[in-house]
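Take a look at the structure below.
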Amino acid sequence: MTVPPITVADFCEKLGAAPPTGLNNKALTGIMTLERAGEQHVSFVMKEKHLAAAQQSKAAVILAFEKLNFNHPRVVRVRDLMGAVLTAMEYFHPESPSTGVVHDSAIIAKDVKLGTNVQVDAQAIIESGAEIGGNTIIGAGVFIGARTRIGSGCIIAPRVTILHECHVGSRVRIHSGAVIGADGFRYEVARGRLMKIPQVGSVVIGDDVEIGANTTIDRAFLDETRIGNRTKIDNLVHIAHNVIVGTDCLIVAQTGAAGSVKIGNGVIIAGQVGIADHIEIGDRSRIGGKSGVTGDIPPGSDLIGNPAIAPRDYARFTHFYKNISSYMKRMRVIDREESRDDE
Amino acid sequence: MTVPPITVADFCEKLGAAPPTGLNNKALTGIMTLERAGEQHVSFVMKEKHLAAAQQSKAAVILAFEKLNFNHPRVVRVRDLMGAVLTAMEYFHPESPSTGVVHDSAIIAKDVKLGTNVQVDAQAIIESGAEIGGNTIIGAGVFIGARTRIGSGCIIAPRVTILHECHVGSRVRIHSGAVIGADGFRYEVARGRLMKIPQVGSVVIGDDVEIGANTTIDRAFLDETRIGNRTKIDNLVHIAHNVIVGTDCLIVAQTGAAGSVKIGNGVIIAGQVGIADHIEIGDRSRIGGKSGVTGDIPPGSDLIGNPAIAPRDYARFTHFYKNISSYMKRMRVIDREESRDDE
Amino acid sequence: MTVPPITVADFCEKLGAAPPTGLNNKALTGIMTLERAGEQHVSFVMKEKHLAAAQQSKAAVILAFEKLNFNHPRVVRVRDLMGAVLTAMEYFHPESPSTGVVHDSAIIAKDVKLGTNVQVDAQAIIESGAEIGGNTIIGAGVFIGARTRIGSGCIIAPRVTILHECHVGSRVRIHSGAVIGADGFRYEVARGRLMKIPQVGSVVIGDDVEIGANTTIDRAFLDETRIGNRTKIDNLVHIAHNVIVGTDCLIVAQTGAAGSVKIGNGVIIAGQVGIADHIEIGDRSRIGGKSGVTGDIPPGSDLIGNPAIAPRDYARFTHFYKNISSYMKRMRVIDREESRDDE
């Protein structure tokens, strides 16, 4: 979508910031990184280490935190730098709203309830009894199973699979290849052999959630796998059956939460973390990358490693590990002590 | 699918169990967890720690192991608790059988052989020379490549991709987003530079196998990547080219087996495990979560860690690791000893 | 595709090798492993440990490195064994070229530019403004977003998703389920709360790249996520926004590179590796399986472990770790020493 240029004065007015001297009428056409910005671009300097790049940038104006030590004739100083960047993003890259058009090739069961202005792209399939809220965009080739309900203002990207009887809130984004509602993985010995335990529950996703590409969220055994409001999940994450994720969590790529894990509110989990089944992670905890969580974690914990321990202890361990050669020498000394003892 | 209610007496007869006094004619309409069960539900108590929830449950009847210390007016005691739960699941949540309907929008090559009563959902594609056994369900948007054969009674979920010349047994479930038969990943120096080695073998999947969402199983270089009968594979697992997985294995989410790995029968591999190429894992071995397997493993092994070691040693290591601060102190003591020695 | 048989003499002429005595006119119909080869197959012996299998093989001729200690009446000795195997692969398993046929069910926007002889399979979707180079094959059910450009001679396997405004080079293979150009995962505190930072950049993939099944490569914030020429990426790999991967790299399955990582040229990264955000990995570095990379790595480094260290140190650490019981004993001795000290 192409938007009209905006003058520096008008743009700065949106930010509530003072425009640089003499640039009021200059036209801005986009936002770009310092290195790639052209003479009609807004850019921004986030960190001190980018000051050199900022000095060399061709950008028409450069957004900077008001207290940054950065003298530049074209700087625009703001208190909320990220908010200002977002304002620029919203102006130059507005979200495409739903067109409200249902493509001819979409296959929608007769009893599906579509809200007002729902966009359904080519080859999407929506099965019987499903409900889609107003202004939601169902991307090309999306599959929505029977009786699944999706709220309003969602963006379901091309080739997402949401199986039957799931519930997705409003303003949710789900990225391509994600699979919501596949069977949980549970086998038990019954009748003398290993049997699949059918998974007939559902997945319930709150409002304002984002789910990454090729992530999988399995349906519960009997009740619900749940993702809380405003939680953001990255790509290739595995959320097993009966997991409950709270609100306002960030879960980074390739992390896996095994069956019945409970994750509190405001938890941040870095990439490639594994969480063993039935573990509870308290509110506002933070788990470092590649950690293995094998025990319950109280609220506000900060942990890393496999198994996950306090960062201070982990730093000590990695000091030992990185300097293993010198520690090995010390430990060999002990051998000598021992043998002397034995004499 | 809605099923008719069943009386407590009839339900208990199915289980070969004694109905609770006075409840013979009570109607049961479903099975649910202790917390969510209503007055017409069957529920069940699996573990002692759920006894309090069981006491408070509204469930009409509560299944329990015959020796569980649980006094309750509505308990139904059984020897095979999981078997009884399965009986309830089978009654209240029967599998939907194939409808035998081929959707108009499915694209099926003329020479494809469909068995009796095969269901092919919207937009599925079945290419030339493929064969599908009786009562198999091919979900919406599934792709089945040329000359691939699939057995009878399979459930291939929406958006599964099974590429050309693969062979899937009978009663196999493959979940959405799984990719069977993509090229193996092999590059070798030839003609003076790194060359792709074409992968022209196939994938052969046995009977009663389950394959999770977004899992990938690559085709072999020349012969076959194989998954044995009754093996169950979770989501986002990577099975590389020429891997041979035995029968009755469980492979949990996000695990990866590199090229030419051989996994025996009855092996259990937890989540996020990595197995280096050409490794052999003996029958009935168990590998703990997040382990790295870099050497052959004899049958019956129980291993965990990276590299994978015996659980007793791993427990000692994690004791050391978790108490690194106190061990570091001890090791610093040695420094003092050493320097005293040197005096 | 079935190819005509070739005589041993003609095949050996292709290799520039001497045919075994008396076999000139024997017809060859394929290439197979030593164990499975029949009397009309070419086979090959790669390693000394396969010599016994080679002796027992029924293969018509057996390719072997010229210096291999292998006496056999049907051996064909070559200097470039892998090159000879490739010659056999190319003869017996030639790539199917583009048919140039566009399937009726494909949905292609009117303004899409298709080069000469482009094959578009069933249900592929190509959106407005996209461009596809000559002889490229767009598999069944592939989604190509608006204004995305794809070079010539590419093979885009069934069910690949390439979102809008990405750029794929020539002779690129992308395997099923891969998602190119989903939003990067970035949230920042702005306007007093955690906000999604829109991702409006693109993904640029060079020439001769291969991308594995269900791998995800996210679009950049403002500029480009880049994959260099001849780089090969395995299955289920995660490449975050703004990552730059150089040329001639190999990235094995289930590895993840977080935002803004820079990977040099000729880098080899084994499976299940995690690379923290903003890290730089120098040219020709090699990272072992399951490693965690949390600091910059100079060119030519060889590292393994989490955090990644030199292989020699890692070997020492794993020696300690595997022998933890005996080291624990030594460390307990120190306790005794200490207490004696204290007396």
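Per-chain residue numbering starts at 1, and chain names A, B and C are given in the order in which the chains are listed.
To be clear about the criterion, contacts are C-beta pairs under 8 Å (C-beta built on N, C-alpha and C of every residue); 3 or more make two chains touch, one makes a residue touch a chain.
Everything numeric here is computed off the predicted structure, so don't read it as measured data.
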{"item": "Subunit C reached from subunit B - shortest hop count over touching chains", "value": "1"}
{"item": "Fraction-based call for subunit C against subunit A, same above half, different below", "value": "different"}
{"item": "Between subunit A and subunit C, centroid-to-centroid distance (C-alpha), Å", "value": "26"}
{"item": "Residue numbers of subunit C (touch at least two other chains)", "value": "123, 141, 159, 177, 214, 236, 254, 272, 306, 331, 334, 337"}
{"item": "Contact set on subunit B toward subunit C in their complex", "value": "107, 123, 125, 127, 141, 143, 145, 159, 161, 163, 177, 179, 182-183, 185, 187-191, 194-198, 200, 214, 216, 218, 222-223, 236, 238, 240, 254, 256, 258, 272, 274, 276, 292, 294, 305-307, 309, 313, 316-317, 320, 327, 330-331, 333-334, 337"}
{"item": "For the subunit B and subunit A complex, residues of the former touching the latter", "value": "31-33, 36, 80, 82-83, 85-86, 89-90, 93, 95, 105, 122-123, 140-141, 157-159, 173, 175-177, 210, 212-214, 230, 232, 234-236, 248, 250, 252-254, 271-272, 289-290, 306, 318, 321-322, 324-325, 328, 331, 334-335, 337-338, 341"}
